[in-house]
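Note that chain A is present in both complexes that follow, paired respectively with chain B and with chain C.
What follows is the complex of A and B.
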């Protein structure tokens, strides 16, 4: 604030000029103030990402390498033992991170591409296109998605590509609804009208005028949607129509080793084995939720009590 | 409730008050050591531009600070008790009973789910000073004093069922219901039309006088404060500039800053006769759905002149602008621009036709994308219409920034980092970037402080002279019309009531509506409201 003389000058007017900070300094500031839950979440996500990317480096054995002893107990050779046909469970857990998480990320991206684009178009257009899309989405959302996915996968076959497309389309309905709802608040702004008056095309208005202003809720939704997609894929795999063997995947690993759980009374560790992939799923879901919570709180504009 | 009645006793005494606010990771001073003394039954006017700290000070008079703010030093003595030292729970026994608050936007401050009378009497009943029946009866009496229509039953309505001016009066009744010792009015008429403002002002003054209540009246409109206040305090940058009794302050302001506030209203443009017609609206009808909002509107705009369109909200001013820009295709009539009829809808118009007509909005905040820098905002029309790129574009952006009296430092700023006047200037630059012939200014100054308004109006006039621009200037403020226009069009309920050269329109005799509109504009005379009310009652 400058103590201005009494003459008026436009450039000297008081405006709250923010300190220019680079992306990294801002990130550092944010991280410094982040709660422990978010930090915990970020560490877990980082570890998962590393495991997924460098799976062959961390895994002691191959993804589908079969050893002579099925159902081997936990030992120094096989940390978490082997499964029903003698594959190392620890290695498959690590490869599972790559497969399950990778497919879930791809599916979420696709869901956002479809749902986000259509949601923006519906919000800008607000005419029959909006009506048609919205009602179609209502119909899709009225059908329980897991059962719907089961039916579609049985019809089209359980390939990875089909899995990604079907789940992405089903989950894009939620993305559509959110995008449309938040974009409608931005569409009525004068700057969007100004862009229209200028004669800008639909693409420009979507990308430059609206999208940057609705990013925070979309990013948060991306995190949550990822969790749901991840859980549905695991559930479908558990049911046997998801990721197919011999590809390592946490959902099918739970199913394949489920019978071990009844041996817990003789060997506690054997009983724990089928729970390990389930725990891996749970941990990642919780971690992502922690980070999303923090992000939502940060962007909601609520002030922490000083 | 008043335990301290009679004019003359000191009710509120603020000493060396300092308040700071937290933003951008730092504490900033907002109010920097202000003293204030208010006696029972006195009305103090608090004026200053936005950011001067007047609202913060007004709230602090109740011992309240907004979230993110805190009282750093000083004392706020209300009836002998230092509010700055009390806990919130203790302060709550004062709030809503002995001191009340009237907010700027009544529409945003009422709870839409409850009937008006329930909200009017809530704090009175809670404090236990009156029974429900007594409080309701009293509220109906207050509605009557405030000249609300059907005072017996209006309380049974919900907030959305009454008009903005009525809601503002109900809010005054709410503030008055517990018979407080002190009322804080925070710009209560800023959002209202002039004709409504007069009614609300009269009502508020009457009620303050009737009950001998002390009040702090916060505003940036001098003419309004002149009607209300016994004495005026001018604030700037969180500090007091000057304080004096109203008449003395109006007659002989001491400080240069105060004088500059006074001089704004003297701005007046020399009237020009127009040459060839640039734009003409012929027999325009327009409607939103089935509701017809424009009826046979004919307006002529001559090249190089400014036509001011005046009227209250809902009179069809902005709709006329939407028809011209093509956002709302007319149902009858034609828009002729430079001798050719323009296609009705925006999508049928050529890029060139769009380029030649530009628009500047009322709320500069929402007219600029908050995620784009000033450079991007001004640069886009250059790129889009004129195909400029790279260095040529940056050079032109710099030219434009200089044209609007800003400089290259602003290129990288985001709209959130600009003051209200600067934002509006950037919007003007964006319009200029397209090199238009015709600019529609939709209430461009009504959200700004007076000094800033003056700056913007001067800028627009200079640009008109230099670039030969033609303006259609939509406004509800008569002093703005006087300042900028050559011709005036008065609109009411979708029809043109009167139009002609400025001097002719402002010259009596007027059609009835023009008369009402013109007489409702507050003047810098402390007796204006009294005289007006006397004249209206007599007439």
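What follows is the complex of A and C.
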């Protein structure tokens, strides 16, 4: 670079060597620095996502296809055997990724939509709406959500739609709390005031002024909430009041095949069968936790104290 | 009025707890309000005549305004009457239903026994692990315990339960896999049969309590007075046991109470896995058959326990806070 001493500026020199980083190069750099646990988590999540999206391609048989031998042992024909009415467990595991994870993702999105929107409104508004919502959320959080969900399911009945709505509403309380807490610090900023003064509406302030500034904690919370929602739905399905048969779902699969565990002494593979869907649930939860951990660490800027 | 600030805060918390209980009871009560209009027919069966349905609705008090029924329901609940179950009724009008209290009472004792046994095992383990990992921070021991607890936190309860069944009941039959106890089971036998469910719950809650204990102590170790103690020559053990722990009791007590409250919910899944005759299993069965009075009764008991334990945690936190005890 030729330097002209008359028009020299430090910014110009820095600008000459400054490399414009696109979103993807930054992502690549971040990934290069990620710890093994986060990489492991991301690989697992990617595999689950692929299985869920392309379930019919990967699964050798249909979701509810019944074969003549119930409780067939592990074989080349049925990789993990068949269940109590003769459905291929391997296929159902793959379809379960689609159903169980899909429903959990939908529920988490709904919870964030409700909790996030109300939280932002409460933080911006700070009037009686804030008071009313906050007290309501306090009461909701005073009842254990599993018990609350059981009560509501007994009233409205166990359908997938009811399940999604009930869990989403119960979980939106925690999203509300977090959103409100982080948004309150942003609402008092001058640029929000400026936006208000130039007459922007509530929707604009929520989306364009506040939301971009509270994204990191919300994204991390999304991961943790997903785990929680996923585990609650699995627990409810396991109890028999969640996702109903014949839909392939990991929680109910554990319940349906639980009796096989008694035969572990004679055939270890049969004993392991009911643990497979449970392990699938646990693995995804661990994977998401690893990634969230790394993300939190990265965005908080904190270093490990030694 | 000159009230001690601690008393004042505690009274405030108590008031808040009562208010929460009130709202919660309204929510649970309104479960019966939200049922569809023809539920009487659904419960008594298609063959039920209009008269029997009407009689059933009258028995539930559905011909009275809601607030009156709420008062009757709460009054009854306070005197130990939670209504009668929907099951056991049929179209002919013959009533074989049982009182909800009779269904819940024996099971409540079982559930409390399970929760109590778990607490007795889990709390000392969690405290010992928490203090020792804080003591040997960043050692191999600390990292191992940390990784292990992080993993168990991510596991659903039934996964832990079935792994334990596979290992300790099926492959190496040490404990029974079904925890069938009744009133006549002697205490030792009862504890033996309840071992696996209690162990499952222990694994689930120890992780949480241990991590919080560790965090509470490590948090305190950063405060200036600990540095002062260190500079005056106290050893690491002395610093943790004598200086850090007394100030960590409040957060630790809160964590324990909170986890015991969590136990109340955790028992539901575990009871179903081990076919343990507790309130949780009763509630799940009632939800499946949509037996609303039983669901209400169980939910009320769970909610009250949960709120009470959280209230106790709060109050312990206030009482043990030295800054509140010695007002300026």
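Assume the second predicted complex is superposed on the first by the 283 of 306 C-alpha atoms of A that agree within 3 Å, B and C clash if a C-alpha of one lies under 4 Å from a C-alpha of the other, contacts with A are read in each partner's own complex, and residues count from 1 in each chain.
Just so we're on the same page, contacts are C-beta pairs under 8 Å (C-beta built on N, C-alpha and C of every residue); 3 or more make two chains touch, one makes a residue touch a chain.
What you are looking at is a predicted structure, and each value in this text was computed from that prediction instead of being measured.
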First, second, both or neither for A:155, with chain B first and chain C second: second
First, second, both or neither for A:102, with chain B first and chain C second: neither
Which superposed partner A:86 touches (first chain B, second chain C, both, neither): neither
Chain A residues touched - chain C or chain B, whichever exceeds: C
Which superposed partner A:216 touches (first chain B, second chain C, both, neither): neither
Chain B versus chain C as contact partner of A:258, first or second or both or neither: second
Partner chain in contact with A:144 - chain B first, chain C second, else both or neither: second
Partner chain in contact with A:238 - chain B first, chain C second, else both or neither: second
Intersection of the chain A residues that touch chain B with those that touch chain C: 306
Residue ranges of chain B in contact with chain A within the complex: 22-25, 28, 51, 67-68, 70, 237, 255-257, 260, 325-327, 346, 349, 351, 354, 358-359, 361, 363, 366-372, 380-381, 384-385, 404-407, 409-410, 412-414, 416-419, 421-422, 425, 430, 434, 451-452, 454-455, 459
Of chain A, residues touching chain B in the complex: 1, 3-4, 6-11, 13-20, 29, 189-191, 193-194, 196-200, 208-209, 212-213, 303, 306
Complex interface listing, chain A residues touching chain C: 138-139, 142-144, 146-148, 150-151, 153-157, 227, 231, 234-235, 238-241, 254, 258, 261-265, 268, 271-272, 274-275, 278-279, 281-282, 285-286, 289, 306
Residues of chain C touching chain A in the complex: 20, 23-24, 27-28, 31, 34-35, 138, 150-151, 153-159, 162-163, 165-166, 170-171, 177, 261-262, 264-265, 268-269, 272-273, 283-284, 286-288, 290-292, 295-296, 298-299, 302-303, 306-307, 310
